[in-house]
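Next come two complexes, and both contain chain A; in the first it sits with chain B, in the second with chain C.
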Partner chain A sequence: MNPPKTATAETMVTGGTEELISGSEAIAHACRLADVDVITAYPIRPYDTVMQYVSQMISNGDFDCEFIVAESEHSQFEIVKHASAVGARVFVGSSGVGWFYAFEALAVTAGLRIPMVAMVGNRALDDPGAFGVEHNDALAVRDLGWMLVWVETAQEALDTALIAYRVAEDKRIFLPIAISCDGAFLTHSQAIVNVPDQATVDSFLPRYDRGDKLLHPDNPITIAPQANEDWVMEIRRQSDAAMRRTRDVITEAYEDFGDKFGREQEPFIERYMMEDAEIALVGMGTLALPVKVAVRKMRAQGQKVGFVRVRWFRPFPTEELQDVLSGVAAVGVIDRDYSFGSTFHSGVLANELRSALYPVENRPKIISFIAGLGGREVNTDNVIVIAGMVADAAAGGDMNDQDTYWIGVRE
Partner chain B sequence: MSTGSVEVVYRGIFQKTLAKNICRGVVFAAKKEGKIGTAFGRYSDSPERNGIPAKQFAVVSDTHDELQEHLARYEPDNNDVTIACDDTLCKGIESWAWYGLQPINKLLKKGGTLLVTSFQSPNKLINFIHRKGEPYNLALIRAQASFSGLWVYKDDHTDARLLGALAKVAPHIVGIDAICEVIEEQWKDDLKVISARKSFDATKSQPVSAEQGNEEVPFSFEKPGWKTMEEGLVIRGISAEKQVVAGRDGGYVPTRNATFKKYSTRTMRPVINFDTCTKCTLCWLNCPDTCFDITPDGLYDANMDACCGCGVCEAVCPVADCVTMVNEEAFDDNASQWEMWVKDKKGYETWMTEKISDQPARTHGFHHVGQYAEEATNESA
Partner chain C sequence: MSDVIEESLEDYIKTQVLEPWKGPKNVPEQEYFTSGHRTCQGCESAQIMKLMAKAAGPRTVILGSTGCMYVANTTYYSTPWVVPWMHTQLGSAGSAAVGTAAGLKVQMRKGKMAKEPINVIVFCGDGGGADMGLSAISAALQHTHYNLLILMYDNESYANTDIQVSGSSPWGANSTFSPPGKARRIMNRRWKKNMAGMMAAGHPDCKYVATVCTSAPMEAMNSVRKALSIGGPTFIHSLDPCPKGWDYDPMFSHEIGELAIETGIWPLYEIEEGKITMYGKSRRILRGQLKRKPVADYLMRQGRFAHFIDEDIEYFQGKIDEMWEKWLIPGVIPIAAPA
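And then the complex of A and B:
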């Protein structure tokens, strides 16, 4: 796999403008470009910044949509669920415990095969009422039929949101997608972003068409009846089949996106300096920023270390991870989440990866690290310490791959 | 190959747009010079509280790889320039999520420049600023603190003037030509460009030695580890018993939170005329921060470790000249006014008269329709 092209003036196929915007504002631009019909909102940090930018665009006359401020997150997600059933393209989002307040609506959205696109501004769960990033909020729906994707930059947030509509609304799929944006480091940090022009977006993203599943008087149907033990397993198996089909649809969407927008990237994971890597680090979201810097520093000193950034957590990129990690001696998984009482008391990503690599011959040692909880900064020095511990495991040292190491916690 | 960063320290809400304009201006100007940059706020400061010290940052690099090292940071250190948008911030800053007093020059790198909007003399400010232990430079622009509200912006060119001054003290981050181009593009206002250029021409910095400044050790405390912190998110209540104050018999001084002082929020403080006080209790009752100590003789003494400077006491006091809000810059310490008064009543009267003559426009936001126009008229007069 070739390294992804970075967006520069030379590689830009399209027009568009360059703007200094945050990850949240990038998501708002994606909503405008996707011509979303219905957006619901309920304030919670850091997701609320998307609300601010969307309402600004509407009041400036740049964007026309139904913008409904609900009385709670549960209603917020219920309203867009129904709007989507009658044929509206929808956008919604939340953070932390706000996302959890909508949990019943989140479960039925996936069960009903509603192609909703949501943004989760990742935030630590209360209590304590902290604002900083943790991934447990979005990860909580990992078993329900939601597709989950994590992004690293504001540009990737905008691009992924456009791709998300194309994937979710594909008739082979009809499942919701949550785009995770790390609170603060992405939602509140401004970078120069290429905001594509409308014509290019229109050439990439078809209109939302529910076909004969449209809830409309001219098309009398019932959605969401009561069903019991003689029906439920078949319904679940259908969702499972749809989720299995997402791999191909996502791959197609990324290929077409690369052609149309000139920004090519590998769909499911990003491989960073992995070609001859002997040890690898794995993580999601903005954690990639300090890790990439640390990897370059360690490479400059001759250490063969690489990094794999997991973009899509659902569908889990099992094949890609088996491919990229089967040759390395040891892997350090840095989780910005926790799973209390889980196998080896590890993070969610670490245990998912252990499962994915179990059938692989020459499977590497997998060491689990917990870091950066509640928005605590993970700096390059932390990453270099982690890589040192992974290198020690690779060399047969006394690192325990059946335990979990907390980095940056005060003893 | 280099990276430069600017830390903008400002008063929450009142100067939010000012700080944002400066940081965005830096990134846009750097882009004109072929560099790449990012602008972001210190996340824990938001949602902002009125007047509480907050920060935004602009980081500029020659290359994407260099910039990456400075992304996903909470609070960059080793900044080339620290801008204090209000000179009372020179006394130190404590954000509502920061536990301890941070000297204004703490995150400034050795040899960097502290740029302050002030009408005070440099030496007066140096007396407020904590000793850095490393040499740095101080530059002032003569400007109002430009306080405004959440929904209004007082466009008095302080943003353009700070950007112009920044180009003078740190031309390696952004040059004045790029700054002027950006101001022209963003605001489409020739007068703002002229303001930036004038400020560039007028700005001079002076060296501050490692040993100069306030000797006081800034308040700080040790955060507990996971093994020592009480489990279950329990915070023990503060004892209702009164605090024992040496030399005081009688009165009531409540025990206060020892780890969150809040006083760096203050840009004004109440000065009390104890001779005219009728002991009506209204200041003590209405103070949102319980900052009044009851003295043994039944008077009310505003405790300067606890006062946020909100001005409620002045507003509720029924006596014409008993409580007066005064510019915080006029004070060098947080000592008790009542103790000063008890010791030397004549001397206190002289001191008080001098202090209450210093009441510049430092209003907390906008209180009534037409206030903006009134202030603009006063300032131009």
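And then the complex of A and C:
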């Protein structure tokens, strides 16, 4: 079986320091190390902790950037969009309905091919009010040209933020990236993190260079005119081509990151105990924590179960998922989101996965689950129940693969 | 380190020094808003774009929020802008200016970009400014460490989308969302927002707020030059007669603007470092040297008021009289002086 590929103390070979910090603080360190130029903030839980760390770093003189507290999320995202257009490296973030308040800005940022790194502290959408995690906020932009990545640990949050700047600002790409950190479970939970030294970061991350796209009096261009039916389709096609190129650029960045920082990881998915797995669970974000514990427990009892954690949702890791799941008998997809009225009333991940596996010859049964909404805990017992249902499907039981099972819900 | 940062902040808030032009003969020929647009004949908003760009000069970045001056100006492959220009969203004028100014400034401070004062101007229409973008403009006017000018071109309707009423439309005006009908003559019962006054009164650190009209072009250009030289966040409100939305022959645009000033409907003033000066005919009206023309002279020249009856004109006249006779400062503070 595969050892987990997340960072451990043994794999850390670079300089830097070890610190007990939360996912939000880890990303604040990434901003400092990336020498971000403009950061905009607006308060909403749980993402806003990252801005509290950033503002403290600035007031302490540890970090120099323009830190602007906007009067709404819409302005927050518009300000960094324009700062990026004049060549500044930018950071921004939001959660839940705050992210939705910025929706227009999110759409045009991707449409304009403006590189930007945003943190989404995943949060349930109002109403009813809930601070807890759900993935519908970040997932809402999945069709617009945003790259989307989910991380599991504070270390992965920091590393992914550095990788994100390199990918987003690559001239072959020029698209924004949102890093999803599960509210509370990651934004507020502390772990030991290796905070790299500046020299290593500088050797990995080049300066942001807009080239002939820079808005400046020395380069008097007109950006974002009215194109209408004459040109919009060609411009959309360019965005499509850029998104297709992200696979190679992301792969390159992870390889170089592994070389420079000594933390190797497979870019698009994490395969956990999948080598001889007969059934697999699939999910994103901090859900991996209870799932991995449950998988180890079930393995100890001789059940051949594995877990696939989807890191990048855009670009969607179609090839990797086809590769890792084509041999298994049944797959259980655990969505921490919903897509009311969708095919089989499933979550977003389940339906995306069904689509990816459709052309595969040895297509596994796909059983769809929705769990952990509104920040409700998904514990190891829940995971063992889910795995039991998937095992039942694998054995030819009467599990319905054309419906969706809600786990841990009062009926 | 913090002292160093404070010091460098001061260093990077310098502006270009743009002296006022003392008459048309001193105005350079070079234009920065040229051919390539498809605005209507007689469009005074296009005129203020041209004056604004000319006044600012080549070392300028201009941003424009959605509206006529976006859609009619910048058709892909055909831009009238000689200076760098970028679109921003309808409610984002203030944010676009803040982001651009912050992005330029921080890169100069960190040595990532050559150091020079670059003008940052954003324009918005009355829909983008007085309605949707109000909160972002208000926030921008608090950022005293960025140099930016927000120019609101006010043609008193959402003119790009078929002439719909905005918060800056005149009371009673006919628009496609406020058409007079058999049961209701007056559909728009909102009095026009006092945008420049609101910006001046609400943002004590904003060093320059002015009203302009293209019918007074030299003053409009010098107002832009003054705003950019003073620096910090500044605001100019331009009233732009619009033949399509106001329904008059395009040849009368200049005259309609003149009438707006002469009837007292559009007072021309500038507020510099907290001190107000009325200028042009508005100053003569204030000093009693010029008698205000009746508002009917202005209203009845435009099809958008053709449904007005005497009672409506009287109401309108009464509101304008109130502004000049009862307001603490005409056109600025709609409150009587404390007893």
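Note that in this section the second predicted complex is superposed on the first by the 401 of 411 C-alpha atoms of A that agree within 3 Å, B and C clash if a C-alpha of one lies under 4 Å from a C-alpha of the other, contacts with A are read in each partner's own complex, and residues count from 1 in each chain.
The rule is simple: a residue touches a chain if its C-beta (ideal position, glycine included) is under 8 Å from a C-beta of that chain, and two chains touch if they have at least 3 such contacts.
Small disclaimer: the values here were computed from a predicted structure and weren't measured.
Trainee: Could you check whether chain B and chain C clash or fit when both are placed on chain A?
Mentor: Here chain B and chain C can both sit on chain A without a clash.
Trainee: Is A:G87 contacted by the first partner chain B, the second partner chain C, both or neither?
Mentor: second
Trainee: Which holds for A:R142: it touches chain B only (first), chain C only (second), both, or neither?
Mentor: Touch partners of A:R142: none, neither chain B nor chain C.
Trainee: Nearest 10 degrees is fine: what angle do the Cα centroids of chain B and chain C make about that of chain A?
Mentor: Between chain B and chain C, as viewed from chain A: 90 degrees.
Trainee: Between chain B (first) and chain C (second), which does A:K213 come into contact with in this model arrangement: first, second, both, or neither?
Mentor: neither
Trainee: Is it chain B or chain C that touches the larger share of residues in chain A?
Mentor: C
Trainee: Touching A:R247 in the superposition: chain B (first), chain C (second), both, neither?
Mentor: In the superposed model, A:R247 contacts neither chain B nor chain C.
Trainee: Name the contact category of A:E66: first (chain B only), second (chain C only), both, or neither.
Mentor: second
Trainee: Could you say whether A:K292 touches chain B, chain C, both of them, or neither, answering first, second, both or neither?
Mentor: first
Trainee: Would you give the minimum C-alpha distance from chain B to chain C, in Å, for the three-chain superposition?
Mentor: Value for chain B versus chain C, nearest C-alpha atoms: 22 Å.
Trainee: Using the superposition on chain A as set up above, list the residues of chain A that contact both chain B and chain C.
Mentor: Looking at chain A, the two contact sets are disjoint.
Trainee: Residue numbers of chain C touching chain A in their complex, please.
Mentor: Chain C residues touching chain A: 1-2, 5, 58-61, 63, 70-71, 74-77, 79, 81-89, 91-92, 94-100, 102-107, 109-110, 112-113, 118, 135-136, 138-139, 143.
Trainee: How about chain A: which of its residues touch chain B in the complex?
Mentor: Within the complex, chain A touches chain B at residues 6, 20, 22, 45-46, 127-128, 131-132, 182-185, 188-192, 286-287, 289-290, 292-293, 296, 375-380, 409-411.
Trainee: How about chain A: which of its residues touch chain C in the complex?
Mentor: That would be residues 35, 37-38, 40, 59, 61, 64-66, 68, 70-72, 74-75, 78-88, 90, 104-105, 108, 207, 215-217, 219-228, 230-231 of chain A.
Trainee: Which positions of chain B touch chain A when the two form their complex?
Mentor: Per the stated touch rule, the residues are 24, 27-28, 31, 36-41, 43-44, 46-47, 64-65, 68-69, 71-74, 223-227, 233.
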